[in-house]
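Next up, some structures in structure tokens.
Below, subunit A partners subunit B and then partners subunit C, in two separate complexes.
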Partner chain A sequence: MDSSRLWLLRPFGERSTLIFLGVLLAAMTLVTLLHVALAPGHPLYVNAYTVNLFGKYLSYALLAVAVDLVWGYLGILSLGHGAFFALGGYAMGMYLMRQIGERGVYGHPVLPDFMVFLNWDSLPWYWLGFDMAWFAFLMVLLVPGVLALVFGFLAFRSRVTGVYLSIITQALTFALMLAFFRNEMGFGGSDGLTDFREILGFNLRSSETRLGLFLASGVALALGYVLCRAIVTSKLGRVCVATRDAEARTRFLGYRVERFQLFVFVVSAMLAGLAGALYVPQVGIINPSEFSPLFSIEIVLWVALGGRATLYGAVIGALLVNYAKTYFTGAMPDAWLFALGGLFVVVTVFLPKGVAGLLALRLRQRRDDGGSLSGKEASA
Partner chain B sequence: MSILRSLAQRDRVFDFLVPAASPVDVRHGPILYLEDVTVSFDGFKAINDLSLTIDDGELRCIIGPNGAGKTTMMDIITGKTRPDSGQVWFGSRHDLLTMNEPEIASLGIGRKFQKPTVFEALTVFENLELAMAADKRILPTLTARMNGEIRDRIDEVLEVIGLKALRGRPAGILSHGQKQWLEIGMLLMQRPRLLLVDEPVAGMTEQEMERTAELLTGLAGKQSVVVVEHDMGFVRSIARKVTVLHQGSVLAEGSMDQVSSDPRVVEVYLGAEAEEETV
Partner chain C sequence: MRILLALALVLGFIMTPPALAQDTEPTDDAAAMTLLEALDVDSFPVKGEAIDAIVRSDDPRARDWLQALLDGRLQRADDGRFVVVLDNTGRDWPVQDALTGESLGEMSRRDLGRIGINNALRNQLRSAIAVVDLYSPDLQLRRASAERLLGEVDGDLAGPLAEVIEEETDARVRGRLTQALAIYRLEQGELEAIDDLHGSLHSRVRVALNRAANADDPLIADAAREALSGIEQMLKVNRAAETLYFGLSLGSVLVLAAIGLAITFGVMGVINMAHGELIMLGAYTTWAMQQLLPGQPGLALILAIPAGFMVSALAGIAIERGVIQFLKGRPLETLLATFGISLILQQLVRTGISPLNRTVITPEWMSGSIAVNDALSLTLNRMYVLGFALVVFALLMLVMRRTRLGLEVRAVTQNRTMARSMGIRATRVDILTFALGSGVAGLAGVALSQLTNVGPNLGQNYIIDSFMVVVFGGVGNLWGTLVAGLSLGVINQVLEPWAGAVMAKIIVLVFIILFIQKRPRGLFPQKGRAAEG
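Our next item is the complex of A and B:
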């Protein structure tokens, strides 16, 4: 740990991070190879639809990592992270809308279809600049970041924590959902933004672009994971854990707790925004339902299932639940919600530390069998 | 190489910008000075015209029955509670009533709470690391690195509090007494000038109590220590000077023998305890 000069590089000295990155890289390579090298008729062939689906899961996994950062390590149960995800998604959606150009149904050179339909004659000011990729991608991070900064500043300064904070995050995302449902807001109302054509000049419907987006999501997940890991293994991460467990005590040690909370909350919101921006081109639509309070609660379920305060647990949870969701909604559409509820009950009752806790226990048992540790710890 | 590194320390370019290690001015005598402090909660005067001075390097015990205002006094010194009137000075330069909690803590006043609160999920070593006097803003904390000097300092404190063997274990597994010592260690990491210790031996075994007495008397001299305690045996074993609080003001002050023979003290406090003991 001492040898790494840069705090950002510190995670690369950890075995768990290397294993995580290795597994992720192997999975990405495997999917790419099975998609590109095999003929469509081959039994192991991965089609473009599946690649697209995996890309979507990876962007969800990044969102789960962002939630685990604030919930697992800082103890802030945000039930409104869907809002940051959706705002990142909308910023990306606005860029994709502007890329449609004259190819829309109404063929207007500048205005998106829904604005023509509403008889608007010019772009609202907040749509300016979204025709430029760099500006839009910057906004993907900045808009959720600034919202988190303002919201967090007010909440943490007033020392709002615990269940009260959870409730106001839920109110935040609900308020945004209602706002985005309104046509006058200029974000397409309940239909949202859709009918995208291309991103950075690449056709969104081609399988190469889909593969590219899948890989981009994987890289973003890897970078986000390393960033979060660097944060939680730093002294700042230990201050976060201290804040989670004994906030008054941490404040008394001289740490401005509200500033640490704000910093981590903003980082997490920006990661959620990035996840949303990767999600939107892969599903081809962004609408106000992403702001729905239920979605935000579902994200928390992923993290709880996977295991809090491990980061890789959040990734496992997001992938497992979303894979199960795809499977169930295809095979038995009515059973999905019962399955999700049942899964959650099983985990809270039998696996309080989630799937990651189970893995850690297994590892420890194996190590104990080696005889280096006493059995005391495993039972604790 | 080391020259390059020292040149790269941008915060150390101008010597006059480096804060002095201890800005507390004790040339004029006491390190802590309270005068005519009054605080009331809903009309009840928890502290009533309290005046108290603590000398530099002194070990002082403060005793008094429940509700005498001991904890409120600590709250005032550490900035948690603001008095209605009166003055509180740290050395002769720092008016504590104009400062907030973190500022007072960084000035060198450490407080050990009644109930031990250590960070249970972190190891003993990490608990001490967080408590260390350091730049506690966000970016320096994010980029902070462990070095030999910090490690030595933590080892030194681990030695003092006797938890060296448990350095890598999570603080949650420590016994009650060990948690109390760890908390004292966390205070020491901040290199305090004044330690406020609230009921250190409550719930401790005989042995742990003895060990704590050794620890606290060893600390006095290097820093001033104020101990609030109920256990008279313990107070007798460590105290050189005792202050008795009653109804928010000082009832008596002096050596343990002096105050325990003071008839007013016997009546309000020691008497009550003696009765309890005979029951």
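Our next item is the complex of A and C:
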């Protein structure tokens, strides 16, 4: 196999990727069948709300994969990935906003409601073009990508790493949050963008569109996963891992570490933007709270819980934590922050390898079946 | 007038409280009655003359009558007596005799007739009260009155005012009255009056000068413009001083919030995301102390200083022993775990106390402000916090530089193994250092409770800023933290009028992000071996 040309296909030769894709496909098919084929009222019927919820989880899972790519394989703990996610979301939100057209409260043909409310008389230049789907979808990838490129270029060139990098990524998302809260920015201030009607001509409130978005999120997750897998198994990925484990040594070996870091960082930011773009039409709103440092650090927890540097662990973590969040905020809202805070502590102190680490340990134990050294080997 | 002044000085201290006024040498009650009866007429101009008569009468009760008349509380009962209404809410009003000051119990409002005044009389009354006050022996009263007269002087007042200025002993009152008189003289077209107005920062003086600058007389207009430009210059200096003060104040808050972090993060290398919540604990300790000692907010605040330190230090020890010690050498994991702790602490306060903000009382000696001049006044609470920050910093420096603990801390951070082989108990040093840094966070909380809302989100608002300050100043360098905190505060305040509060904050954040690219180790990087750690 010519590895240089087929690197994108290489993940399909891995068992873990095939299992992951298989499980994902099966889950998506199952949800679709249960939603479409069964009548409402049937005990196994999955209603549109739940489909929507699963779609949201899947977009979060894609975001977690993006974070795992930089944290797990590059050793960069980004506490600002929520910013890329939110930027992608805003790009999508702007498109959806323009699709409302004259159906807004004020019925203005061009200006979104909040601009009419603020007495703006024309569209700011950065809103131009967002009425075209192709342009908006391009921006979903480009805006986070360019921000990551500029930020990463500056940071990696001057070798800002470790905790420092974490802190300034956090400052980045914090600054963006403050900026987007301002009405003058032209992104709807604290209310953000909402009241969306349709996407590509499909009514956002119909259950068919919701199913479609759910499936799109699943497909995006699968593609994103394969792309990340391809990156980490390539030679480039090995340099990344080497950088993570010993940056100075890799540098001494002659690799321009900052270029690899920058490339992977930008890819990750674009994936996060894509996740945000899939998230927004499903929840129907995007506002500056997505920029909050708390959200960004929560993403890191998903990855940590699932297991760093496995990619599928990130997906597991995102699904687990968000399912728990939905459950807790419904059943006992006060307890959620206790649970989340407790998770942070428990995972870092007792589960450094996350759920994926536990799974791997169990697998290896079974394979060695009775081998006296298995436990020690696995934990070493 | 001089006789009046002398009389006022003699009767002095008993003039203001109306209940006591009667005990003094009683002015002829019949004469007083005549004075008041002159008010009970329909014609406003006649009433005006009656008011003048009261002012001239030297009666010690004059001020109370005038004030009551101004407030519409001087009324005549159906039986012909003049009364002062003490409280005119409800149906029956408590009243007291205007002449004797003796309480007459409650009277129905229907039995009382109000002595009406119009706007012209209202102005006349205000000036009259100010003039009466000018003779008061109470310096505060004289100062307040002089303040009120600025821009209110008319032809009737100008003469007596000139006399009062001669007699006045207090320089501030005299200066104020001279200005008040000068404004009147300027209005009369007197050029020399401008000399008296030079350099005054009071807004009314500027109004008067602005008016004069548009006057028909070119001489006056020019002189007024010149005086104005001089005043503008001084105002600019004052505004700069004010910005600097607010900047330093904001900076001192940043220093307080960050200095504990400079110990735990900078010296020990531990990322404590729960640092903000340790600040919050200090603030809540202040609140709790004030709940324990109701009515003594000042004492409670002072006791809260050691208490806040202890509470946060103990919480810090618990965090160090419970979590951080297991994560040694894994800074990113420490960051996540302590972030979890911060969430738990926030939620503990939310469910345990209240999700709403608590009110912390500012003791009297900390409220108010010092007026440096008319355009610049410095709020006292900020002054105290600034001083407190500097004291805390100095003490911390002393601990780190001059005590055994400081020596051991520096040894352990520089070379843990070596320090241990020299017999230093590194674990104990870890605990103590972390407790110290956390305790200082508690102190920051005590101080912050005087400036901002005390609520569960208090700490969250400061954590990012604190890290920025430490990183900007250079990790492991306490002086760097001080300089960084103060300068960031000042930069923020300088930008604020120009860019707006939120934008200023964003600019500062972006500035720091860019600065770290340029100088990854901050303003004052550590040198030598410590830098390699």
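Following the convention adopted for this analysis, the second predicted complex is superposed on the first by the 367 of 380 C-alpha atoms of A that agree within 3 Å, B and C clash if a C-alpha of one lies under 4 Å from a C-alpha of the other, contacts with A are read in each partner's own complex, and residues count from 1 in each chain.
The working rule: a contact is a pair of C-beta atoms (placed from the backbone, for glycine too) under 8 Å apart; a residue touches a chain by one contact, two chains touch by 3 or more.
As the structure is a computational prediction, the values presented were derived from the model and not from experiment.
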| request: Could you say whether A:Phe263 touches subunit B, subunit C, both of them, or neither, answering first, second, both or neither? | output: first
| If you stack the two complexes on chain A, which partner ends up touching A:Ser158: first (subunit B), second (subunit C), both, or neither? | second
| field | subunit B versus subunit C as contact partner of A:Lys235, first or second or both or neither | value | first
| message | Just checking: does A:Asp245 make contact with subunit B only, subunit C only, both, or neither of them? Give me first, second, both or neither. | response | first
| said: Contact-wise, after the overlay, does A:Trp7 reach subunit B, subunit C, both or neither (first, second, both, neither)? | reply: first
| Partner chain(s) touched by A:Tyr255 [first = subunit B, second = subunit C, both, neither] | first
| task | Figure out whether A:Ser217 sits in contact with subunit B (first) or subunit C (second), or with both, or with neither. | result | neither
| field | List of subunit A residues in touch with subunit C within their complex | value | 77, 151, 154-155, 157-160, 162-164, 166-168, 170-172, 174-175, 178-179, 181-182, 293, 297, 300-301, 304, 334, 337-338, 340-345, 347-349, 352
| message | Which stretch or stretches of subunit A touch subunit B in the complex? | response | 1-2, 7, 231, 234-236, 238-239, 241-242, 244-246, 248-256, 259-260, 263, 380
| field | Interface residues, subunit C side, partner subunit A - complex | value | 271, 323, 326-327, 331-337, 339-344, 346-347, 350-351, 464, 467-468, 471, 502-503, 505-506, 509-510, 512-514, 516-518, 520
| Mind pulling up the subunit B residues that touch subunit A in the complex? | 78, 101-102, 105-106, 111, 113, 117-122, 126, 129-131, 136-138, 141-147, 173, 186, 190
